[in-house]
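Below are two complexes that have subunit A in common, paired first with subunit B and then with subunit C.
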Partner chain A sequence: MTLASAIETQDLGRVYKIRDAKKKERQELVALREANLRVERGELFGLLGPNGAGKTTLIKILTTLLAPTAGWARVAGFDVMREQARVRPLINMVSGGESSGYGLLTVRENLWMFAQFYGIPSAQANQRIKELLEIVKMSDRLNTKSSDLSTGLRQKMNIVRGFMTDPHVVFLDEPTLGLDVGASRDVRAFIRRWVTEDRARTVLLTTHYMVEADELCDRVAIINQGRVLACDTPANLKRRLQRDAIFRIETDRLNGAGIETLRALPGVRSVVHRSGDARDTLEFVLARDEVLGAVINAMEARQIRLLHLDKREPTLEDVFVDLVGRSMAEVEGDAK
Partner chain B sequence: MVNLKSEILNLKSLRSFRMATWLGWQIESNWTDPFLFAVYSIVKPLASALILVVMYGVITSGDFNAPLFSFIFIGNAFYQYVGAVMTGVSWSVIDDREHYRTLKYIYTAPVDYMAYLIGRGIARVLTGSFSVFITISAGVLFLQVPVQLGAIDAPLFLAALAIGIVMLAMMGLVLAGIILLIAHHAGYLGDATAGALYLFSGAIFPLDVLPEFLRPIGYLMPITYWLELLRRSLVGSVAQAFPTLAPFSNAQLLAILIGLTLLFGALSFFAFRWCDRRARERGLIDMVTNH
Partner chain C sequence: MTPIKKQTGWRLYAQTIIGRAYPRVIGTQREKSWLFFDVFLPVLAVAAYVYVYRAMRAPEEYVGFVVVGGAMTAFWLNVLWSMSSQLYWEKEQGNLALYIMAPNSMMAILLGMALGGMFATTLRAFAVIVVGSLAFQVQYAIAGWLELLAVFVLALTALYGMGMMLASLFLLLGREAWHLSNLAQEPIFLLSGFYFPIKSFNFWIALGASIIPLTLGLDAMRQLVFPSGATLGFLSVPIEIAILIVLCVVFLIAARVLLAYMERLAIREGRLTESRR
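Up next, the complex of A and B:
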């Protein structure tokens, strides 16, 4: 008998019907369309995309919080719509960037209570709570009321809650959102360790941090406007661009002038523009190194002063730009 | 034997109910100052009873010996359960969703959500019972409400009280289901419903006082029979002074209460399931509205 995949979706879609502010006209918002994914047991799988790409919608469907409007999804072999009672004991979820939890209960009480909901005997639950709090460096907060915790510590407590029940599949929605650098590193190390300890464990995490997806995930699906655009290992995704030449050029302030002209040059695959305080940065993906000469000539013709130039290896950000045509920040900016 | 006990305790519904009761009590009793908690539990019910007493005194020129006064006083005292239980059960949705932001974690856990909600309401039953006890005691001690310990029909009282609380918890489930679907003013739903039913349930006046076309509403509501049974079990003579339900024996009233509780319970069960499904379809389970 072959084991079912940890997660499987087929043509999964979700359309929200929303009303305008005056509640008169109903509009349709496509949050997810025809998502086909297969995540195997033991994988640490990432969903990478800007805010509003459909990542959270997908997690909500997979965790039985939301009904899809098209297609189907299975978690641990069970249909999330028809067999939710069989899915729920096998999963857990954590959303980053929020301070959930009963502030009047201590850290131990919060975690113990959730363990009870999963039917874990008290002694076992208390043992796991101690072990996990030790790993996330929170042992000294066992009997602290969770209302007295900082946002970062509260999020760590929440992460412990998600892993404490030893789920087959754990869903992490932006787990490091709002955490400082040190805490994010601890959390990433903890997630990697947890999934490596037992190859039957699976993690699906959403993130819009490229580095997080690159460092942490075995495979990554890039998602934008509800569509899964690519799905592969980070190395394979980046390999798509290795035939291209990627240059980073710093200039004085551009105020957007001439960007479209540069984009239109033959051999320029994409240009991402970032404004800084004193200088701007342009990131070029070029079909070959020789195109750079034409780019520099065009910049000189428009009197753009070149301050710094370097060539670098492709990142997942470049993959996103290659697939979407714009950077994640630009997509998010447009959405606002 | 130990295994059997742990198996039973671990049944999903029982587990959900047990933990929700514990959580509800932690929240309900979490007053930083226990003295304030006690004062609130005593002063609030007494103050609301006093308003009614004053109004009654003004209208009847102080005729506190009339059976109507005991009728009103006892009905009003026990009616506190209606708001407490219905709000206790339904408020948990708002509390978890909006305040603690835990609803999605509870919802996606292997929890019997209906049992969980009812468990969360239990703490309100306990604090509500305290308020009812204080109110009735004050009535007996200071206003000559004729409750005599030796004359109380304890089995009838306990049976009616227990059935009534189950009935109110099931009605609270319907409100909880509605709250899953709405955001605006959801917090007031429990109290608003209790207020709306106040007039038609014979809590403060016999149904005979209502216009004839409104009386069927009272006859359809299990709360009407529940309050009547509580009055009869505590002060039989007072209840018999009013003709509305006089033709019915205690057993008949109890049978009607059980029948209506089962009917409303079944309707509530399906109504909640429907609301739950709709909320999941519309993506409302974890919405945060800040209302």
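Up next, the complex of A and C:
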């Protein structure tokens, strides 16, 4: 095996031809544009972006399921379009909320079946299934029909399926989607352990959970509208904002009033507004602490009642807002 | 963790076939409702025709024809709903992407589906034959066991080859496949002569219907298991065997070509996992 990067893309793009509602005119939808990424072996790499940002499209291309319309991509040193037969034995993929396998089969039988598609002899497959189920604390479900599993257990089974074949590169598409806190924590712990055990293993994970990307990933690429906007370690990404001052202000209900005015104040880099049941929250990224006075004056002038104020460290959410101008929730809201 | 050594080449191919056949060989027997839906209900359908023939005082062989035909409908339903439409369902379920992404051959996946389907359906067809034969006192006189086995195997090979071919085609058609399956079900019952000898048709209609492998398979089997079968047969058994061999080759090659085309097209257009198009 050469020392090629685990994943490498150059000007990668994908345009879908979609039909309108009446299936008459075909339009173009740019899902991914000029994506340049390099993920080294041993990395746990995150793709962070809202729904529809192009994360899944990128994963589909890297897993040989979708052809790019521009650029190229290599996985483990092999071209995903021209050398599919060399890429496929080295990869696996797990998607959040997937319902793969057959409900009539037990957990062991489903996992055994997928092991057959990778040429793993039965005895070794069964041994590995037992070991992995023990790690994800599912040993007692070995002979449970998969249709009888809860969402969390089902996703753990999917995770075992993805890692059971000893892939060099694993693609995880929103692996903790819809899971409760406990199951998400178990899944994250498993992923981290798997990468740490062998530094030749690589994980590319997509998520729109900021905390997940922050906690889990060695490096993160922030992606929006098909474009990779930034790529660095979570610490370095957050360091971009460390000269800024980030304040969280809770007010009574705003109904959107005056937000644009606050955004337009000198020194205000961004404002994210979140509505709550009884109170609203405004997240300000300011050029310096002194701008806060002007912000509070402007709020008073508009008779906005300030209920709580605190200053905090930047998060990846702030980095996203800084790059895109809006929060991920707002971008997803616009897309709907 | 235990180190693993992955097989490649023909061993991987064989493992894939066995792996994909498994859910049909083992899984589908778990729901005991198959005894009702796949045995009791078909026997009811057979009974209706039996009583019609007996009311008409048709030759007693006709009762046997209906029982054998009733058993063989299980194969047609299996090919239609669990072969032709299967890749579409696999796509909806999220399995198709995993099958394609794995280092196996998709042809091996289809073969596994076919072999598993054949096994599970043979159990059901056998149960219908046994129950129908006992209930209506059908008498068999096997003219040639070897020929009968050859016809059965060839008919199923050609039929499931057709199912493998249709699987790719139906996947490309997407949701419309559901309607196609519905559309094809009853006309094939008629054209294949499940409940009557196809000799009753005009020669050209019977010849046209022979493109469905069950038509000739059923006709040849009836000729081989009933004393007066030969007089009611459409073509002679050797000719029907020869045509079935041709159908096997044509459908299996077509399945392979269409599968490769479907995979290329689906990857190019994003149809494997994306609903946008």
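Brief remarks on what is shown
Going forward, the second predicted complex is superposed on the first by the 334 of 336 C-alpha atoms of A that agree within 3 Å, B and C clash if a C-alpha of one lies under 4 Å from a C-alpha of the other, contacts with A are read in each partner's own complex, and residues count from 1 in each chain.
Rule of thumb we're sticking to: a residue touches a chain if its C-beta (ideal position, glycine included) is under 8 Å from a C-beta of that chain, and two chains touch if they have at least 3 such contacts.
This one's a predicted model, so the numbers in the text were calculated from it and none came from an experiment.
Partners subunit B and subunit C clash in the overlay (superposition on subunit A).
Once the two complexes are overlaid on the shared chain, A:29 sits against subunit C while remaining clear of subunit B. By the touch criterion stated above, A:63 is placed in contact with subunit B and with subunit C alike. Contact comparison for subunit A: of subunit B and subunit C, C touches the greater number of residues.
When the two complexes are overlaid on their common chain A, residue A:101 makes contact with subunit B and with subunit C alike. Using the contact criterion defined above for the overlaid structures, shared-chain residue A:243 touches neither subunit B nor subunit C, since it reaches no partner.
Once the two complexes are overlaid on the shared chain, A:124 sits against subunit C while remaining clear of subunit B.
Comparing which residues of subunit A touch subunit B with which touch subunit C, the overlap comprises 14, 16, 60, 63-67, 85, 88-89, 91-93, 95, 98-102, 104-105, 109, 113-114, 116-119, 121. Residue ranges on subunit C touching subunit A, taken from their complex, read 1-2, 4-8, 11-12, 15-16, 18-20, 22-23, 26-28, 30-31, 93-95, 97-104, 109, 267-270, 272-274, 276-277.
Put simply, subunit B touches subunit A in their complex at residues 6, 10, 12, 15-16, 18-19, 22-23, 26-27, 30, 100-102, 104-111, 277, 280-281, 283, 285-286. Contact residues on subunit A toward subunit B in their complex (touch as defined above): 14, 16, 60, 63-67, 85, 88-89, 91-93, 95, 98-105, 109, 113-114, 116-119, 121, 161.
Subunit A meets subunit C in the complex at residues 14, 16-19, 29, 60, 63-67, 85, 88-89, 91-93, 95, 98-102, 104-105, 109, 112-121, 124-125, 127-128, 131-132, 165-166.
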